[in-house]
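Here come two complexes built around chain A, the first alongside chain B, the second alongside chain C.
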Partner chain A sequence: MSYKINFIKAIRHSEKNSYWFILPYVIFFLLFVAYPLVFSFILIFHRWNVVTPMEWVGLKNFKRMFSDPQFFKAMINTFVFLLIHIPLQIGVALGFSLLLYSKGAMRGFFRAVYFLPVIVSGVVVTILWQNLYSYDSGVLNSLLNVFGLPKVPWLIDPDIAMPSIAVMATWKNVGIYIVLFLVGLQNIPKEMYESASLDGAGKYSQFFKITLPMLNSTMVLIVVLSTIGGFSLFIEPYVLTGGGPMQSTMSGMLYIYNQAFYFGHMGYAAALGFVFALVILSVVLLQRKVVEADSV
Partner chain B sequence: MHLDGNVVTLTYWPAPNPQEIELADTIVSRWNRLHPQIQVQMQPIPVSQSTEEVLLAAIAGKTTPDVCSNINPVALRSYTQAGGLVALDTFSDFDSIAAARIPKELLSIFKTSDGHYYQMPWKTNPVMMFYNIDMLHAAGIEKPPRTYSEYLADAGKVTRDTNGDGQMDIWMGERDIRPIWWERLFDIYPFYIAASNGETLFRNDTVAFENHDAEQVFGFFQQCYGHGYFPRTFFQGGDPFLLGRKATHFAGPWEIAAISKFSPDMRFDVAPLPVPDDHQGPVYTSGDYKNIAIFSTSKHPKEAWEFVKFLITAKHDLLLLEITNQVPVRGDLLTDPLFAHYFVKNPLMVKFAKQAVYTRGMDTVADLKEIFDAISQEYETCAVYGRISPAEAVRDAARRTRAIIEWNQ
Partner chain C sequence: MTKSLLKYFALLAGAAIFAYPFLWMLAGSIKPEMEIGNLSLWSSHASFHSYEQVLTKIPIIRSFFNSIIVSVSTTASVVLFGSMVGYALARLRFFGSKLLFALILFTMMIPFQITLIPQYILMVKLGLTDTYASLIAPTMMSAFSIVVFRQFFMSLPQALIDAARIDGCSEFRILFLLIWPLSRAVIITVAILTFMSSWNDVLWPLIVVRDRALMTMPQLVTIFVIGGEAESQLGLQLAAATLLALPVVIAYSFFQRYFIEGMAYTGIKG
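Take a look at the complex of A and B:
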């Protein structure tokens, strides 16, 4: 008994006892972060279809990647998506946050409404938009018909499909960025607007000289989050188009998924994922540099 | 598989559709009555998205049956790479059994690159052209088209707007416009085999389809879409052939049962696939082969081989025809009097039986799924959307296929 008490005391007074408190996280980290990372790194140099034993292929997966037009096509598609999605997301989020920041009626209600799509499952949202975008029986084309306008092949025209997906993704995610912009707007001291007003600055000047510069840190955060989110584009093309038409909506993530789970090329998919992660890191670092430099 | 006293018990997995379960049940009952010391337990393949996934998972988990009769040659390489199958030519009577059943030339396409046979060719479904007799008659066409030119000329007469809203309502043909790999097994692949007089995509594991025949096939489908003879849309709400919205349909004999069930009033017939205008000789096609294999987990491969031989007797091939309307892979179908009565009762099946001799399966190269996906992408870009020429489509498909093959070596 006394041994037990001494042991507990020793633990209690030991500097090492803090390790017990971080143990759950360490276990989580080892199981769900470190192990998959190390395993994927090993996979990069192997060919493996889950069933047959792993086969060492050296740098063959990278050799294939750099001569794989589908991979480059998927990367270009992802950048096309980002180019449409990020400005659209920022523009729409900023616009709505300015409206919701002003003292209007039912402000709380609208804040909740704009946030709703964020918490709805991506698959549910995508199926909903599938019905909106359907060429023959979609709601959007039915509306166009009412006004005597021709139907738009939202998802079956290779030139329109990716912008259609970008609009849908913006609708789905804009709520979270509205909240971030609202937080940013609340942090801008009101005195700045008052003194600018006294100096004769109009609303337009106040927006460009005070609001936008003061939202820069929020902007950096949103650009980075949208970029990472945009690179993860998967559910929307997977459910809506399967990557078509003509692979115009084949995102990087969808291509990696197909290689891993459709064709059973785990090693090649791991190599693609590794390069994809490096691309995301480079783009985010570049963005931070550019956006932060603009604010100086 | 296990031993109960002196009784050997084998497990047999047939395909999980009702007709094949009925067939398997009948054959297994007969076997069990005749072989009290070797009892077979029939268990349909667990239902999943594909048999191939189930079998690969079973190989990984070492839970494979002794015998399976739903082996797709496309996936054979994966099974053998995983060490999952017994080489059937290690049984002393394999050669005589196979030679008695299958023409030598046809048998040779099932040999794997290591020189062994891991599958006993069992049944096939040759892809042919079904056509709606009344729709062709309504357009003033008496005979089904035989060549690309005839098909396109007939298509111009058949495809039209029936309700005057400016949109076409009936078409000469239709294919799923999505680039789904297995859809090519019913257009590009059988049409290529037909155009090339029986050639498949590979020769000695190297790409053999970068040629004029393949370009002609891509060009044919490009014209079908380009002229509007095939709709550039994805049909929802049923098979347009069964609904009387298209005049021709490329499918195997299973379509007969579908037509009888869902469109019993339709007058239809089958014909060989259209071929290039300068085509000479018989018209080949592809067939969805399903073969029989013994898994290496079997502790009684000799008994399993005896059961395989029992499955493929002429009597049971007749049963296969009668119950499933699928064509057994054997050279004497139209000459053995045993089958005569069936073909008198089912005259359409005579055409499939004749076609079976000129039916090619799939090459047993690795990653056929991805190769067909690559071909599908080119089909979509070239034929459906007309963005590249047939020559570019064939060149790009061949280039990507070579990259896939090279990566697998």
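Take a look at the complex of A and C:
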């Protein structure tokens, strides 16, 4: 009883207009966050194609997933993508940010140019790279030809296709990470370098003893953001390869999309999405632990 | 000296790597089909033939306006409601505010893969597929924008708000007439980031819209390129891609700082 009175009192004491300010968001939250989460949890135990009634299947969707070679293929493809994309991203971004960090003319111009692919739609970037990667008449193969090198089957060879997409994704996103590293570099106190050089530390040991450790939190951030991005990989393989050749670029998101909207397996697609979300969360948590432990 | 020369050489090489493909795309869109394969950015037979073809083959102008309608509505809504909730969380005391903020932070952590299919089903159930509403509704508010607004509003001096309250201003007037004008930089940043992600999104439109007349620009261009309508004519694909890139690139050339700093901020806070 007294609990109820306290509750009412608390609401009475709230500033009167507050609830009008938050009401739209509360409705939005219930409709587009809470309901989908709850419904997702129901859907994963059902077979459903939207048209006919839902059919309870218990854990069948999960059983099916663990005997579905395509699901594992999509998982492996995503990890292949991340394994190439993340180190490449960090290396390239760190290199350019160090170049941009030291004072010089036109820094703003270079930063703006490196950032250009970030703001442009993935569709544009993909169409562009489709032509760069084209086997017979692509710009990259023409360039190799100029230097007398053989053509590379960028998107045709199953072993090369996913790495090609990882390189393309790096080209698109690296601008953000250059800027993030620049912010990180600016946050390193100058005195650390001064006292280190007084102690006789050379440029290289300064880089490995001061710069890299001080950029650790930026690294964690980049690894986490790239991982989330990697698990969302969709439009690039959708346009470039349709998941081929030989499923080598079938990304998790593309597989979910195909299951849901091509085959109409809503329950199975929801279960896939559910598992993918759990994998993303655990990979991200694991990365934080590992990278943060490294810094100590 | 040599060191600084080397540095500029590397920076220029980088600029070439990031800019050349775009210039090549632009050049390819006005070159005759035969010449697109070569590396040069110049053609003696430049024409707008590819653009004319794109305009006649697909309703790209219509899709441009669809994208404008969707992106502008989404942006306006995210700024309006985001600032309202951000203000309530930063400046108003009410029962449940801690819970609400916790829910908002929780929302930011949910991978979208989990809610995508249920959101689509919600659209089907509400009978909204193939409408503008289905494109706009799920992105009308964003947890991220609320957090950004809350953060900024907390930094404003309390005396300012107290003075307005003593003058008898309602909280709505305080937010829209007093605080909004002081928050231009934050509003522009949130607006630009929202507009850009709305303009560039293609997965959600592919899911909820099948009617060509309602397709957004990236969606229509995607369908055009993979659906065989471009008949593997490179020039047409490049022209369509150029048209799609143009609005954001123009916005970028005016608001470059907001784009870069906003994205960096998103990365750090997100």
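Everything below uses one rule, namely that the second predicted complex is superposed on the first by the 279 of 296 C-alpha atoms of A that agree within 3 Å, B and C clash if a C-alpha of one lies under 4 Å from a C-alpha of the other, contacts with A are read in each partner's own complex, and residues count from 1 in each chain.
To be clear about the criterion, a residue touches a chain if its C-beta (ideal position, glycine included) is under 8 Å from a C-beta of that chain, and two chains touch if they have at least 3 such contacts.
Because the structure is a prediction, the values reported are computed rather than measured.
**Student:** Under the stated touch criterion, which partner chain does A:V50 make contact with: chain B (first), chain C (second), both, or neither?
**Tutor:** Both chain B and chain C are touched by A:V50.
**Student:** Between chain B (first) and chain C (second), which does A:F21 come into contact with in this model arrangement: first, second, both, or neither?
**Tutor:** The answer is second: A:F21 touches chain C but not chain B.
**Student:** Just checking: does A:L180 make contact with chain B only, chain C only, both, or neither of them? Give me first, second, both or neither.
**Tutor:** A:L180 contacts chain C only, not chain B.
**Student:** For A:I156, is the partner it touches chain B (first), chain C (second), both, or none of the two (neither)?
**Tutor:** In the superposed model, A:I156 contacts chain B only, not chain C.
**Student:** After superposition on the shared chain, which partner residues are touched by A:P87: those of chain B (first), chain C (second), both, or neither?
**Tutor:** Neither chain B nor chain C is touched by A:P87.
**Student:** Please determine whether it is chain B or chain C that touches the greater number of chain A residues.
**Tutor:** Greater contact footprint in residues on chain A: C.
**Student:** After lining up the shared chain so the two structures overlap, which partner does A:M246 touch, if you call chain B first and chain C second: first, second, both or neither?
**Tutor:** A:M246 contacts chain B only, not chain C.
**Student:** Residues on chain A in contact with chain B in one complex and with chain C in the other?
**Tutor:** 50, 242
**Student:** So in the complex, the part of chain A that touches chain C is made up of which residues?
**Tutor:** Residues 7, 10-11, 13-15, 17-22, 24-26, 28-29, 31-33, 35-37, 39-40, 43, 50, 95-96, 99-100, 102, 104, 106, 109-124, 127-132, 137-139, 142-143, 146, 171, 175-176, 179-180, 183, 221, 225, 228, 231-232, 234-235, 238-239, 242, 252-253, 256-257, 260-261, 266, 269-270, 273-274, 276-277, 280-281.
**Student:** Hey, which residues of chain C end up touching chain A in the complex?
**Tutor:** The contact residues of chain C facing chain A are 4, 7-8, 10-11, 14-15, 17-19, 21-22, 24-25, 28, 36-39, 81, 84-85, 87-88, 92-97, 100, 103, 107, 109-122, 124, 137-138, 140-141, 146, 170-172, 175, 196, 199-200, 202-203, 206-207, 218, 221-222, 225-226, 234, 237-238, 240-241, 244-245, 248-249, 252, 256, 259-260, 263-264, 267-268, 270.
**Student:** Tell me, which parts of chain A touch chain B in their complex?
**Tutor:** Within the complex, chain A touches chain B at residues 47, 49-52, 60, 64, 67-70, 135-136, 156, 158, 242, 244-247, 262-263, 265, 268.
**Student:** Given the complex with chain A, which residues does chain B contribute to the contact?
**Tutor:** Residues of chain B touching chain A: 56-57, 59-60, 78, 81-82, 177-179, 232-234, 236, 367, 369-370, 373, 377, 380-381, 384-385, 387, 396, 400, 403, 406-408.
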